[in-house]
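The following blocks contain the structures, represented as structure tokens.
Next come two complexes, and both contain chain A; in the first it sits with chain B, in the second with chain C.
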Partner chain A sequence: MWLVPKQIETLWTLFTAPVVWAAHFLVCYIGAAIYCAKPELVGLSFSAVRAGIAAATVIALSLIALSAWLAWRQWGLGTDDPPHDDPTRRDRTLFQGFATLLLSGLSFIAVIFTAMPALFLTECIR
Partner chain B sequence: MGRYFSLSAASLLLASGSAGAQTSTQSALESAGAEAQQIEMLFWVMLSGGTVIWLGVVGLLLHSALVNRRRLAEKSASSIILWGGVVFPSVTLCALLAYALWLMPGLRPFAQASPAALRIEVTGRQFWWEVVYHPPLGPPVASANEIRLPVGERVELTLKSADVIHSFWIPPLGGKMDMIPGRTNRLSIMATKAGLFRGPCAEYCGTSHALMALSAVAMAPEAFRSWLAAQAIPAEGAGASGGALFLRHGCGSCHVVAGTDARGLIGPDLSHIGSRATVAAGILPNTEDAVASFIARSDLIKPGSRMPAFDMLPPDDIRAIAAWLRGLR
Partner chain C sequence: MSAAVKERSPEEYKAQEQRLRAVWANPTGWRYWTSVNNYQIGLWYGSAAFAFMLFAGVLALLMRLQLAVPDNDFLSADLFNQAFTLHGTVMMFLFAVPIFEAVAIFLLPPMLGAREMPFPRLGAFSFWSFLLGGIFVCGSIFFNAAPSAGWFMYPPLATDKEFSGIGADIWLLGLSFIEVASIAAAVELIVGIMKCRAPGMRINLMPLFAWYLLIVAGMILFAFPPLIAGDLLFEMERMFDWPFFDAARGGDPLLWQHLFWIFGHPEVYIIFLPAIALMAMIVPTFSQRPIVGYSWIVLAAVGTGFLSFGLWVHHMFATGLPQISLAFFSAASEAVAIPTGVQIFVFIATMLAGRVIFSTPMLFGTGGLAIFVIGGLTGVMVALAPFDWQAHDTYFVVAHLHYVLIGGMLFPVVAGLYYYYPLIDAKKLSDGLGRLAFWLMFCGFNIAFFPMHLNGLRGMPRRVFTYPAEIGWNWLNLISTAGAFIFAAGVLVVVFDVLRPKHRQPRGEFNPWNAGTLEWISEPEENWGVRSIPIVRSRYPLWDQKDLARKVNEGRYYLPDAEEGWREGLVTTVLDAEPVQVLRVGGTSHVTIVSALSLGGAFIALTFHWWIATALAAIICFCAVIYWLWTGTGEIPEKPEKDVGLGLSLPLYASGSDSVGWWAMFITMVGDGTAFASLVFGYFFYWTIHANFTAGIAGPDAVWSLVAASLFAAAWGLMVAARTVNRRGATATMRGLLVLSLLTTVAASATGLAAPLSPGMDPTRHVYPAIVWILVIWVLAHAALGTVMQAYCLARSLAGRLTPKHDLDLGNVVLYWHFLLIAAVTTFAIIGLFPAAM
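Let's look at the complex of A and B:
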């Protein structure tokens, strides 16, 4: 299982999923904006833009799912219930794992909502 | 004399509100266009969805406060939060979002194989609307403060602004679209019922923003075509005697009246003002009194507009010009 990252104790893992959400949002919006402003520069059809958004969405959702799985592991695989509010190292770790898991859920839904217009829109409208 | 005109102007303004309400509709809930119908449906779906959710939440609140006040076990409380607080809202929002997005291509059908036969260019100005029809055959036809369109035919609106941001919105016919300086926005509407509709400027644009409205007349296609053909040529009344006063007092430096020497481009085109439903951009009934009052005290009727008051003119001249303008049909 060398693919799975080791469990590390840092606050940064908390932000993984929201950062993926932000990156996916920017890729979708900036990509569509550039294509629709200068289609001749990109030289692709709008279907290619939709396919690109689909690929970005699959990648983003996979990364968020991975972040959620790691958070679940940090949370003790669901063996403990919140609130983790004792002033101990264990509770701090569990609390952070649980918070990361919730943020991953939020980011997962947000990425789906961001990508949904590409399901229905078939061309640029200026 | 100034007082006479200011009093009559104020009473006209008061009267025009009720007069307008009887003849034209401005409600998004009385749709008379294909696009507006979809938007109305979207409103009712969202309202119904919101009502069901609100009733559910309030019912649950009352139930837990009045009926069942026993403390829930932590396990069942958690599952209520998971299913009622996370899964249900996510799925519901996803469904409502999908419905709204699914409507969008139909509201903006510009990419379809057959483009709209008629394009109408509307330019927002403080505080009136410049209108130019671009029929598939024949030269463009200029008008102002009123658009007419054929029932059952899709019309493409090209929306621009000459000064500040305005917003074009005829609620019974279609959605709202901003008019932004330096940009060209496009809106599609297709009237499904004949009628007279009112559209307000929907973005604050200055002192007389609330006095900037537009009439929209949906009419039978044949009637529309003969109307447009008549608009393309000078009105019959253009040669009548009031026209000389109109030119002598300088009105022609700001207004166009086809068939005369009046070629000013600062104010609305008045070539066929007599045939419009309203005057002064949708705020006054099209009567001789209203036109005369506007000429005399435009500064009171429409504060901040570029048209100066002409109450220094002899009242008989104002009357004669108003009568002549009313005859431009």
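Let's look at the complex of A and C:
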């Protein structure tokens, strides 16, 4: 399974899913803001912006799902329930996995929230 | 393992204790104020913040008196403007944020089982900066010169010198100075929490307070720099007429709103999360059980930290941005309710699962949360753009923000005060007075602020200094005023309880609330934090490790002694807290006060355009900082390792990413990079709002720009090479490379200057040359600092304080250069190539 990344031990993996949320948020906001300020620049219709947001959303959700799966693996595939409070490396890893999984869930929902305006708005009204 | 310890004779043990006490002792007399110990700094910091709060509270009472009856003339319109501006500014910048830096500096070391924060002198510097800046800003009202344009200082009102006077400068410079102090505190907190926990305190065992503070410090790092960048643009406009916010010359007031609220909204959570962190310590203690859902709290802290950066435009719903933009921010504003709610449910679950003792801290905590929930619900309402268009700038918003801030921050702070007071004085505050204070504050608060919702819905705008009798706001305003005074009476009871003499009260018991976390080991009489640094095996070590307190106080763990006369702590790994280094921290010193006061002097002189005084103060500050660095950092130890007890020997020196100094530089530069990114954002912002961005003005020369970028890259390459050859022992080559890199940097700066200079770009003519110039100045100022660092390394090497094995300074400077390279290449690529590409 060379496709699946190896388990890495660092604090930073905790932030993967929220970082994806932030990137997705910025892409949507900046993309739409530039389009509404300079529609002539790209010469596309607003539907293209909505399609772009849809594509960014699919990519973001897939990345978050991947991060969630990796977190689930770090959590020992869900075999050990919290509180993960033993003074061992194993419990520390399980804690990281579980917390990362929770954050992936929140980020997944937040990305969907961000994308929803594109379902309803069809032009750059002010 | 304790065999060696048992062999210690009572005399030896006494000697150890005395040495340790002497090393950590405070100076006496007036020199007491040169202390840098976290207990004193935390206490001073907190007391100063509290005093500022009382001052701003008095301003609020004056405003309530003015608004009590219609057509009142108790305050003039101008004084009313000053009062509400200063009230908001002081509460946000001088109370809400600093009080948590104070609590964190006071509590974190004992809570993490550390002796001290990693950079105690930086903490002291931060405090003195804060104190001076705060007094300066507050004092202005006594000279009728306080800022009066509202705490968010919107241009064009605040950039107009005729309407805003010197008050706006006082706001901008006084607060920029305090923002620097906040970032210094953030550096301290992040490094302290990540690297200085007691051995064994893995991240799954870390107290939740530390988790919250880690996230908050990270937020400060990304939230404050955009405001600093905004302040820079603002002050350039006020001082030198660079038209960043002047629409007539291509500027845009909305850029200020963006930069202010990119700071301003996360700021709300920067205030709220530490308060909730206090609750996360208090609730388990009074439920007498571990918190339910530790990981969920971590989820909530991290989630809120991120989402709070996607909310800023909800303060700008009424500015005419495209609806799709508003909708993105509306969506994120609703999403942030999820992690916020999770925390509250975790507390409720913990209380349900345990047996709750309804003590005074719990009363304040739960009462505050009830108020906060109401504010949160009105928050969900105003997060919806159509509702906001109705409520915007009315008293509904005033009510909402006070429910959130007082419920989510002030009440938990008072809870924390009642809870942690025994750590300051070994005595409890009065339970009876506490309950009286709570009910006065709780009732007074609701009587004062609930009617404001109704007045807001009846159309009363914020910031009006009076109103006509027939408009229908009379009774509600009178009730609000009465409530405000009841609330103030409650606050006064708390102040009395803290200040009343307690010498007749006997010393309280050890750990009076039977709490489970480490901070309760520390004794107020001792300055050393912990007698010996323990090994932690639980989230609630005092509950689960039965004889921990006794063994710590008998000096049976790490570093029970200070043989060499240094203040020492342990550095541990980020994830598993394995001890890796002994960290020697700076002790008592004047240099922190001198550098903070001279930096403050420079900012204050700048406000009044006293150029010579500014230059003098800046030079003093520069010399003080260099002296501080030279004498107090990167010291080469007398031996490579030392025995820390329990059979463990650890190195005394680390460089590169193993050292705490490297982390501090990295964190500072991330904040610095965020400020730079905000300026770049400004450049592109102006591009989007104009059909013709350059307004026909000739841009920087592309060739000069590219040459400058290449020279900066060359200087960076030489720095990296210097570090590499130094590690191989080629000291002479390293010195040569440093000199070469310094000269290249000077050449790079000269060509960089030529880029906007050669086409004769005039920054006062239009915003395009102004934003180009500000980016170039940013890089050149950093390059100038870079040359100072290069010269410093050269001097250290010549003085024998920088060797192939002890290259901490060089490692940190190279790290600085990584960031400088990014800023220089980005700037010159953008200003040189972007206009042509468009």
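Here, the second predicted complex is superposed on the first by the 126 of 126 C-alpha atoms of A that agree within 3 Å, B and C clash if a C-alpha of one lies under 4 Å from a C-alpha of the other, contacts with A are read in each partner's own complex, and residues count from 1 in each chain.
Note that contacts are C-beta pairs under 8 Å (C-beta built on N, C-alpha and C of every residue); 3 or more make two chains touch, one makes a residue touch a chain.
Everything numeric in this text was worked out from a predicted model, so none of it was measured.
In the superposition on chain A, A:Ser67 contacts neither chain B nor chain C. Residue contacts after overlaying the shared chain place A:Phe113 against chain B and chain C alike.
Touch criterion not met for A:Thr13: it reaches neither chain B nor chain C. Once the two structures are overlaid, the count of chain A residues touched is higher for C than for its counterpart among chain B and chain C. Of the two partner chains placed around the shared chain by superposition, chain B is the only one that A:Asp81 touches, whereas chain C remains out of contact. In the superposition on chain A, A:Thr57 makes contact with neither chain B nor chain C. By the touch criterion defined above, A:Ile125 reaches both chain B and chain C. Touching of chain A by both chain B and chain C, each in its own complex, is seen for residues 109, 113, 116-117, 120-121, 125-126.
Those residues of chain A whose C-beta lies close enough to touch chain C in the complex are 9-11, 14-15, 18-19, 21-22, 25, 28-29, 32-34, 36-38, 49, 82-85, 87, 89, 91-92, 94-96, 98-99, 102-103, 106-107, 109-110, 113-114, 116-118, 120-121, 124-126. Taken in their complex, chain C has these residues touching chain A: 194, 200, 202-205, 290, 293-296, 298-299, 302-303, 305-307, 309-310, 320-325, 327-332, 334-335, 338-339, 536-539, 574-576, 688-689. Those residues of chain B that touch chain A in the shared complex are 74, 78, 86, 90, 93-94, 97-98, 101-102, 104-105, 108, 110-111, 184, 186. Chain A contributes residues 81, 105, 109, 112-113, 116-117, 119-123, 125-126 to its touches with chain B in the complex.
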